[in-house]
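Next come two complexes built around subunit A: one with subunit B, the other with subunit C.
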Partner chain A sequence: MITNTTQRRAAEGSKPLSLRLNYRAQRYLFIYLMLGIPVLYFLLTRLYPILYSFNISFREWDVLSPEKPYIGWANYTSLLEDEAFRKSLKNTFLYVVVGIPGQLAAGLFVALLLQNVKRLRGFFRTVYFIPYITSIVAVSWIFRWLLMPNGWINGQLLSLGLPAQPFLQSPDQAPYVIALSMIWQSVGFQMLIFLTGLEGIPKMYHEAAHIDGANAWHRFRYITVPLLNPIILFSAVIAGISYLQSFAHIVSMTQDGGPLNSTRTLVYHIYKLAFKSFDMGSASAATVVLFVIILAFTLLQLKILDRKLDY
Partner chain B sequence: MNRIHNIAKPLSLLAVVSLLLTACGGNNSDNAGSSSSSSSPSVASASPTETTTASGDSQEKVTIEYWQYEYPSKVALIDELIKQFEEQNPGITVKQTNFPYDQYNEKVATLVPAGKGPDVINLYYGWLPKYVSSGFLQPLPESDFPAAEIESKYYPFVDAAKIDGSYWAIPTAVRTLAVFYNKDLFAKANIAEPPATWEELVEDSLKLTEKDSNGQFVVEGLAWEPGAQLHHWYRDGLLPQAGGQDLSEDRRKILWADTPAGLEAFQYLIDFAVKHKVGTTGVFTDDVTAFKTGHAAINIDGSFRLGSLATDAPDLNYGIAPLPSYKNKSAPSSYWANAISAGVTGAKLDASIKFLKFLTSKEVQEQWVDKVGELPAQKEVATQDKYLNDEKLGPFIRQLDNSKAHFFIDETGERTLFVDAANEVLLNNVPAEKAFKDLVAKTQKLYDDYWAKVDKK
Partner chain C sequence: MNPNTKQVRSPVERQFNRSYANGAWLLLRYLLLFAGVAVTLFPFLWMAASSFKEPKDLFDLSLIPSPATWSNFGDLFVKAPFGLWFANTAGVAVVSTVSVLVFDTMVGYVLAKFVFPGRSVIFVFIISTLMVPTEMLIIPWYLLASKLGLSDTYAGLLLPGLISAFGIFLMRQFMESLPSELLDAARIDGLNEWRVFSSIALPLMKPALATLAILSFISGWNQFIWPFIVLQTENKYTLPVGMVYFSSELKDNSGWILIMTAATVSVLPLITIFLIFQKRIIQGIALSGMK
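Up next is the complex of A and B:
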């Protein structure tokens, strides 16, 4: 009722009270306020800790000790000397390089196949999506059983006359096994995203190209891929970040990121530093390194993949 | 439009108010958290005191908090013990808090700095140096727990809890490692007695190993998982058995490479996987699973496994034997000990001391054996006939006199180094001498860093 009088006053040309806002302003105030609450929460629970971890990374921060002296860049230099850290950096890079293209290619492949079938489409979509919503720990343990030295997969290899493989017990094979299991688990997600993207490409482009004599590969190369570009970008960024942050697979499928740190990731290393060695300073320094990497990586992807295309 | 408009204003007001409320709420709960912290125990206990002493109780009521990790039989027993303790000490209330083992240190690391720590805490002895150097604990008061008495009554390895000349924690129960052997598989291989020497262990495990036509393990002669118990077996078992020494008197120097015994013991351990090929990593996922399912004939494991074997594999026909010996006898031991937090003072400290004394009493130690299956920490309790003659407990207890507990400065770090050294030989064909040399050097560096930090303080 009060607001009505405000409006009336405004309409009459009389001066509104200084505290009273006009209708538009009130509406925007409400909207921004509603939007602002989560932002405030975000600032408190996300941004503040992030900034604070920068502070921690410059201190000798033993969680149980009351003194947290400032030590400059010492945490960063000791990280550089830390073999396990360098190894985990390298592994994380490997997961990204193998994982993203693998995941995108597999997801796109399945999506393209599915797009061309009508029967059982829902069934296949469900089956491919199930791994994505299955618990990583459960999946990892099943893989462990399948892949153990005397496990089922080696049994099959041997019955085919092939040599048994050490898989997770070998520093050369283990990181790829982990990367493959991560790809397998996320194919369903990528497939779903790509399916949506493919649905969004107007059929007439393909038809027109077909009439002009473009074969299937040409149509894929010059119509599907360019028009899917925003989807590919989105998928690549999401996949990239998830690979950069991979942790659960390492914990469940390997023993302490082994053998010989061959599967240890940056996040796992951070976890060990922080919660096993209580060294929050080094852990925060490693987190800052990861932050910089993710930031650079995402900016790079945006730059490379986000090209505007007009048709 | 007008309707939205009408709702908008009260809603936005509500939002502002609720925001203010949550902000205040946050502050309030923060304050509450820090006031109950150990730094000002009198304040924290003040409010319950007022309400309870109103009934005319002249003695102040004190509440202390006890932390241990989530191990069902231990949690249940402590609940029971708290009841007994509270009956004997009407003025004291004990509150038990538990966390899963994997998260225990994590919880300590996050809740303790937030001022929500315990008064009495149960710790793995290997974590003690870290907790002590972090200033989280206070030494046990000499008047209530005289060092001389601890040293005469308890098994000698309890002195791993002695740092800078004072004891910081005291155990109720201890554990040792021993040979777990599958009697059915032994009978099948026509072996009458469990192995008693290094040589016999090799011979027996060779006889017990069974592989299929493809060379894959069906039965491991000896389960071989360096990251499980084998690294303990090396430090406090094989190494002293071969005549080597673990640490210097001041615990600053790793002495493994000072005598040939160090390498000999390392080689002996590695050879099971590399030379004799009687077991390797990852078979049936891990050693315990392999043994439980009858796919490992021998496993080196701890007394703490008796309980889980009884529940998970009740039909497994297995026996326990002391660890095979060589030049000397020695068995690795370990324990969870109870300590008092640094900030505990006044009435809370008195109550904590009383509780700690209760937890280390003979009666509690006996209940602990019965309910949890861990061995009594005091000699006179452990060496009673009823325990010595027990088929499963006996072999563990008989080893206690010859057992050692390595002074860990970083349990996970030291284990990782050992596992890596073993894997270098197993997977990368690095000569054992080189892997061993690296292992000693890297472990020494861990110690140097630790002591450098301690000396600085």
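Up next is the complex of A and C:
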């Protein structure tokens, strides 16, 4: 490597000054040409629209009327008074609160099962991962189909002598059923993250504890969990953000966020406000609320990632 | 180094491994894992089975349709412009993948391999756009698209996904592993910056490019909320949007069969791609934790 640098210095040194400057200019030209279009693209398709939606959220924005008067925080206060919005916020948190622990527990369970398995390991990993790459819409329709009043699952319940369940038809069961389908779809992803994490735990820790007489549960509780902690927190945030954004499930699995708005999420409510009531002002205010919540999650994540892993 | 190091195991480790590999535990593990496989695969099997059933057998709970029929697949194309939906979905996935590959490798390369004023500002700016949920951008995108006459057009559909901040992050990670000495050597040999990028860096990045290509194809194929908002003409729908459209036909049994058939046709290509490229996909996703 030293020879390369020396050669290069020699090469540059032997050139006249103008040529060397030229090389520099060429380098910068290359850098900014490569970056120019993408940076402009992100400014126009990301930054500008965000600022635009903040702007809309402070206006009475009826699509049909040409006037878009500034009305201060009125959209935000009207959201607070909106029963359906509060319900959607509550439901969204329900998905987050049920989804995160469900996904983490299921993912960790599968990863632990798979950890010391040698035969068919690749097969299991592949199969568990399939739901994660399939479209939410397709998966939601399959679940809706399985969960119909006279669908396959109720058919099995009846044949076992159990009562049929309303599932998606019941305001008490529907949100949990939907959360379950979201968890089902992300187990493979979560498993993968935990498998990577488990590989990073030195085996000798477990061996040492084993010699000292620690049983499997103790080793899990006092070695595995503490050492996986950063990954658990990190995954919780990632999962939280994705549950906060649930939308396609609701469109595909429910009738308009029903029954009785029991499954309607924040994003679904935004969609209704913006594209069914054409009240872009309130809808944008609701997106700002979503943005703030997600921002809080992200900052939490950055803080977690900042902490050093301490063995 | 002694090539046999790996085989040499301490008695403690051997005993430890044995206690884990003992029969009953292992059997239980495999039983649970196979139960998980059943839970994971059953919905797909039920979907596929339903797509071969005749409407009158809709509520027959057996997994093997009898009699099996192919006619539902034909119906897809008769009752809806399903061929167009399929082509639109493939088109969107391919075009956005190509565009993402071109731009994301360029930006990832420059951010990883050059030091210049504004580098960290640009990097932080691009990465921070990842924090903004698509759901928040839908409304301004929609209003802007309407203003520019891009609503209900392929251009409007494609525009938000042409460059991916996530992909830039991924490519930058990969590009950092390129040996700078190699690039410098090429420069000394008189290659200009563009040639260094295109004939030295890119060929070495083939595995990374493949990973990014597959990941963006999958997300392009599955994307829902923006197509759902921006497209109004039936003929321009993508598969996920089209499937939601099918729900208006749910009044009778054949509607359900159609939806399951549509789901089968839209899920199969992706599962096939996944099975072929699964190593890369799993690696790429593990590296980035994306969706």
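To be clear about the criterion, the second predicted complex is superposed on the first by the 253 of 311 C-alpha atoms of A that agree within 3 Å, B and C clash if a C-alpha of one lies under 4 Å from a C-alpha of the other, contacts with A are read in each partner's own complex, and residues count from 1 in each chain.
The rule is short, and it goes like this: a contact is a pair of C-beta atoms (placed from the backbone, for glycine too) under 8 Å apart; a residue touches a chain by one contact, two chains touch by 3 or more.
Owing to the predicted nature of the structure, the values given are computational and were not obtained by experimental measurement.
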Applying the touch criterion given at the start, work out whether A:150 contacts subunit B, subunit C, both or neither, answering first, second, both or neither.
both
After lining up the shared chain so the two structures overlap, which partner does A:169 touch, if you call subunit B first and subunit C second: first, second, both or neither?
first
Where does A:160 make contact in the superposed view: on subunit B (first), on subunit C (second), on both, or on neither?
neither
Does subunit B (first) or subunit C (second) touch A:27, or do both, or does neither?
both
May I ask you to decide whether A:274 touches subunit B, subunit C, both, or neither, giving the answer as first, second, both or neither?
both
Which chain, subunit B or subunit C, is in touch with more residues of subunit A?
C
Tell me which partner A:261 touches in the superposition: subunit B (first), subunit C (second), both or neither.
first
Where subunit B and subunit C land on the same part of subunit A: residues 1, 4, 26-27, 30, 34, 37, 141, 145, 150, 155, 274-275, 280
Quick check on the complex: what are the subunit C residues that touch subunit A?
12-13, 16, 19-21, 26, 29-30, 32-33, 36-37, 39-41, 43-44, 46-47, 50, 59, 61, 103, 106-107, 109-110, 114, 116, 122, 125-126, 129, 131-144, 159-160, 162-163, 165, 168, 181, 184-185, 187-188, 192-194, 197, 218, 221-222, 224-225, 228-229, 239-240, 243-244, 247, 256, 259-260, 263, 266-267, 270-271, 274-275, 278, 281-282, 285-286, 289, 291
In the complex, go through subunit A and note every residue touching subunit B.
1-4, 23, 26-27, 29-30, 33-34, 37, 40, 62-66, 141, 144-145, 148-150, 154-155, 158, 164, 166, 168-171, 255-256, 258-261, 272, 274-278, 280
Can you list the residues on subunit B that touch subunit A in the complex?
1-2, 4-6, 8-9, 11-12, 15-16, 19, 105-106, 108-110, 112-113, 130-131, 133-136, 214-218, 227, 280-285, 410, 412-413, 416, 419-420, 423-424, 427-428
Subunit A residues within the subunit C interface of the complex:
1, 4-5, 7-8, 11, 26-28, 30-31, 34-35, 37-39, 41-42, 45-50, 52-53, 56, 110, 113-114, 116-117, 120, 124-139, 141-143, 145-146, 150, 152, 155-156, 184, 187-189, 192-193, 196, 203, 206-207, 210-211, 234, 238, 241-242, 244-245, 247-248, 251-252, 267, 270-271, 274-275, 280, 283-284, 287-288, 290-291, 294-295, 298
